[in-house]
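You will see two complexes here that share chain A, one where it goes with chain B and one where it goes with chain C.
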Partner chain A sequence: MRSHLLVLLLLAVLALLPQVAGQYHLTLMIPFFAYGIALLGFNLLFGYTGLLSFGHALFVGIGAYAAAAITSKLGLRSFELILVASAVGAFLVAIPVGLLSVRYTKIFFGMLTLAFGMLFHSFLFKFYDITGGDGGMRVLRPSLLGMDLSTLDKTAFLTGPFYYYCLVLLGFAGLAMWRMVNSPFGLHLKAIRENPRKAEYLGVRVRLYRLFAFLISAMYCAMGGAILAVSTGLADPELAYWTHSGNLVFMVVLGGFANFLGPIVGAFSFIFLQDQLMSLTQYWRFFLGATLALIVILFPRGLMGLLQDLGGRFRAAEAPAPQRISHELGTERVNP
Partner chain B sequence: MLSLNDITVDIQNSRILRGISLAVGAGELVCLVGRNGAGKTTTLRTVMGFLTPLSGTITFNSQPLPGMPTYRVAQLGIGYAPEESEVFGDLTVEENIEMPTWTRPRGRPALERVELAYKVFPKLRQYAKRGGTQLSGGERKMVSIARALALDAPLLLLDEPSEGLSPAIIPTISEGIASIRKLGRGILMAESNVHHIPDYADRLYVIERGEIIFSGKPGDVRTRPEVMRVITGTA
Partner chain C sequence: MNASRRKILKALGATAIASPFISFPALAQSRSLKIGILAPKGGIAGTVGECGLRGTLWAVEKINAAGGIAGRKVELVVEEETNPKDSIERFRKLVLQDRVECVQGVVSSGVSLSLGPAAEEMRALTMFWDGTTQDGVKETMPNPRYVFKSTDNECEAVMGSLLAIKYWKGKFATVAGINPDYSYGRNNWAAFLALLKRFGIEARVVAEQWPKVGTLDLTSHVAALKAAKPDLVFSSLLFADLPVFMKTAYGAGLVDGTKFVFPAAGWQHTQLKKDFTPEGMIFGHNTLYFDLPNASPLQREFVQHYYDRYKDYPHWEADRAIFAMQVYKAGVEKAAKAKGGAWPSTEDIINATEGVQVESLGGKGSMRKDHIAEQTFYQGITTHKNRYDFPTLGTVDAMYSEQIQKPAGADFWTWIKSAQFKI
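Moving on to the complex of A and B:
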């Protein structure tokens, strides 16, 4: 109950943010929403199913290029259509990729997904006529819920209607994921992560459930990719590059993959940490890497794990001193 | 119900089972007794589809099992409680027990199956919201058997249900197994300790180095000193 209230409070704060925050920080919130959605899906596969993919940037790329193809090539502007096309495109690509990948686990799964990601990146890079090669493809401003917002300047569009659109989308994506992970489907995934053989004893179709998790994670990542592409106005092959897959892993580890909100916290922290470091030093990558190393060593459960530990200590300090019950005498006495 | 005929199994080029044959009928409690490494767990795992026999047949209700994936064997109605009392630590006791009602939804209603599991091990009801990692060895064993029962399986395979438990908890497990038998479920129980074999067992198979060296009534085994020496570890 307390966590539900906290989430509602956070959503309310995010809804009020455009009234108080500057435009620069509001534009940073768009990638946060994008990664928040993508990582909710990514963590279904990593945190809940126990499969660490190093190739999910592939699906972020599919979302971005779907947005580009629909707006630039087909001349359609509906963002709802872009989201559906991104999800469907990712779903269709994820079927063969997932079917081949979920046969394996651990490093083999990671390497296989990395290989598929690299294949897709090569395709984007080399097939210039279709994808625009290293220059990428332009993503034109979409309409939101049928409203043509082309009269707004880019910043006003991103910090106004698009901000709220993405916030609502993150809310719905989060709610859908919350229901999923707390349904029998989610419990099956947790069981598979803990011990796939044990799960099979109980009749769980391990590979099928892993495939479902893979497909769902791909669709979430693609929707995140579509938002990223709209915010920059470009579908860039770097979105599908393996270092971007590494960033997804980084964000989830930073926030804490064992917690439902961990990926969202990770996305937020990563974006603002990266932004601050980039403004401070040209060696920002070094400090970002050092931060990840420190977090893995000191707080393996990520920032959410750290917050939970601090909360637990606070509650323990607030709680009344424990009472020792003397069974022999049938009396109660308070510890000194 | 379950019938194994002349089953031979190799693991990494070592012959583990050599022509095993046994049968479990509906409502029967059948014990497979043998020392550690004799092939009891391998027999159960072969039934569950984790190992494929080199030769021989396994049928469950006339349906051949070899080659069938494990999840299908479970969905057919064979509940397996492995030796390691495998309980999902991240799931509560309640979720652990409910899980088979989702994987095998046909048959009795889920609520009825879960209630039946709690009826067999009433102590588990008070731990329903407790996580799997917060249970003692005996409680984990109870959850493991209750979960296999919640599959609504006509046949249960129990691998050493008393292994590693304190003497205080063993009677609770034994009572639970007796209750399951009274429900008309067939049970194939692997056991290394001959003293843990219930008196009401219908049939006993003694396995040694992958071969069945005795089959018959539990009382009859005591008239075979050479078999007794094997299962008491004095051979």
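Moving on to the complex of A and C:
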């Protein structure tokens, strides 16, 4: 109950943010929403199913290029159509990729997804006539719910209607994911993560459920990619490059993959951390890397894990001794 | 008394013409003039961005010492150019948070191609150092309002090809290319072949190599070129991969008896040491050749300053950065003058900048009405007869960009077929 209230409070804060925050920080919130949605899907595979992909930028790229193809090539501007096309495109590509990849686990799964990601990147880079090559493809401003917003300047569009659209989208994507991970389907995934052999013995169709998780994560990433592309105005091969896949992993680890909200917190922290570091020093990559190393060494459960620990200690200090034990146990149980 | 005053005014006028950094005497402005710089600081283009930034710092030092731009001292806000997505975010920071009045910089065409429309949509005055909004050789923003672009990417390839024809026509029968695997490299190679055809040279292509940008193991590419035994190698490699290529080619014996055309080698000129870089190559320094025999006093001063401070010699990115600052300054001061010294609006500055002429390090330059720069390009044949540990130009050719750049609105390939080239 308390966590539900906290989420509602966060959504309310995000809804009020355009009234108080500067325009630049509001434009940074668009990639936050994009990565938030993408990482909710990514973490279904990583945090809940136990499969770490190093190639999910492939699906972010599919979403971005779907947006480019629909707006620039087909001349259609509906963002709802873009979202559907992104998800369908990612679903179709994820079927063969997922079928081949989920036969493996651990490093083999990671390497295979990395290979498929790089294959797609090479396709984007080499097939100039279709994809625009290194220059990418323009993404024109879409309409939202049938409303043509071309009269607004780009900043007003991003910090106004598109901001709220993405916020609502993140809310629905989060709700859908919450229902999934707390359903029997989610329990199957967690069982597979904990012990695939035992899960199989109990009748769980391990590969099929892994494939489902892969397909859903691909669709979430593609929707995130579509939002990113609208914000940038371009779909370019860098979005599908392996370093971008690495960023997805970084964000999830930063926020904490063992917590439902971890990826969203990770996306937010990464974007604003990178923003600050890039302004402060040209060695920002070094500090980002050092941050990741510190997080992994000192706080392996990420920022959300740290917050939970701090919250647990605070409550433990407040509560009488017998209740302290039950709270600590409760904290342990929260983790998926 | 009158004669004396006339003399002083004449002298002041002459000084203003001689130094593009002398300020137009506008009303004194108390606010500083914030200018954003977006330049690469790391990766394969890191040293390129650094050189441009050093050029900007020098220009701003001089401008501020002379009173600023139309009376306002320049204050720089520097952000890093990386990939298109992150670069657009840094651009937004400069415009929305730092409230800069003009953004300058950008080296990568991949970034400028996406940044151009973003700048237009944000109505932010932007001047690219080395970026275009070309998709290949096709202009995607033929009539921008807020974006001013550099010369077209393929200028250096056209000039390098023309010089190859000028010096070596009839002396080669087979050609090979090793060019970076992206639109710049592909277009340069295609332009070279198109110009050979235009001049009736029936050269046979014996090898085409496309290393990925920044690849530092070029052994297999060099082996393929060596096996093909070309008379001439055309290469638009321009990043840190170029010195590696030269070392590998030298080690493999590819340089013996082979002619080389490097239209964009200037970015690496001090890294291409005499030990492994032969004489007699066509070598492009783009819009700044640091050792130009008849260089302007401005260039001499800058090169000396650059050497004294950084113990290095500048390449063309410094000139592009200084050119962008000069064009902006000239546009602002022209607009301010038209308004009687009052600070002009962005729209006034844009109108005044169109068609403006400046004297940059490498010579005269101007900004076309379609917001594409025109500058002087330098290439020539390399020599080892110098006081440096790297080759310089023994023979220097200069071409103004109207000779090697397609006119406003023209299709590049049609222009190649019909242009009147002077070689």
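As a convention for this text, the second predicted complex is superposed on the first by the 320 of 336 C-alpha atoms of A that agree within 3 Å, B and C clash if a C-alpha of one lies under 4 Å from a C-alpha of the other, contacts with A are read in each partner's own complex, and residues count from 1 in each chain.
We adopt the following convention: a contact is a pair of C-beta atoms (placed from the backbone, for glycine too) under 8 Å apart; a residue touches a chain by one contact, two chains touch by 3 or more.
Since the structure is predicted, the reported quantities are computational estimates derived from the model, not experimental observations.
For the composite obtained by overlaying on chain A, chain B and chain C can both be accommodated side by side without a clash. Legend: residue contacts after superposition of the two complexes on their common chain; A:L187 is shown touching chain B, with no touch to chain C. Once the two complexes are laid over each other on the shared chain, residue contacts for A:E200 go to chain B alone; chain C is not touched. Of the two partners chain B and chain C, more residues of chain A are touched by C. Once both structures are overlaid on their shared chain A, chain B and chain C have a minimum Cα-Cα separation of 39 Å. Under the contact criterion defined above, no residue of chain A touches both chain B in one complex and chain C in the other.
By the touch criterion stated above, chain A contacts chain B in their complex at residues 184, 187-188, 190-191, 193-195, 197-198, 200-206. Per the touch definition, chain C reaches chain A in the complex via residues 41-42, 79-80, 83-86, 88-90, 92-93, 96-97, 109-110, 113-114, 117-118, 121-123, 135-136, 140, 181-183, 186.
By the touch criterion given at the top, residues 48, 50, 69-71, 74-75, 80, 82, 86, 88-91, 95, 98-100, 102-104, 147, 151 of chain B touch chain A in their complex. Per the touch definition, chain A reaches chain C in the complex via residues 22-25, 27-28, 31, 125-126, 128, 132-136, 138, 141, 153-155, 228, 231-234, 236, 238-239, 274-275, 278-279, 282, 284-285.
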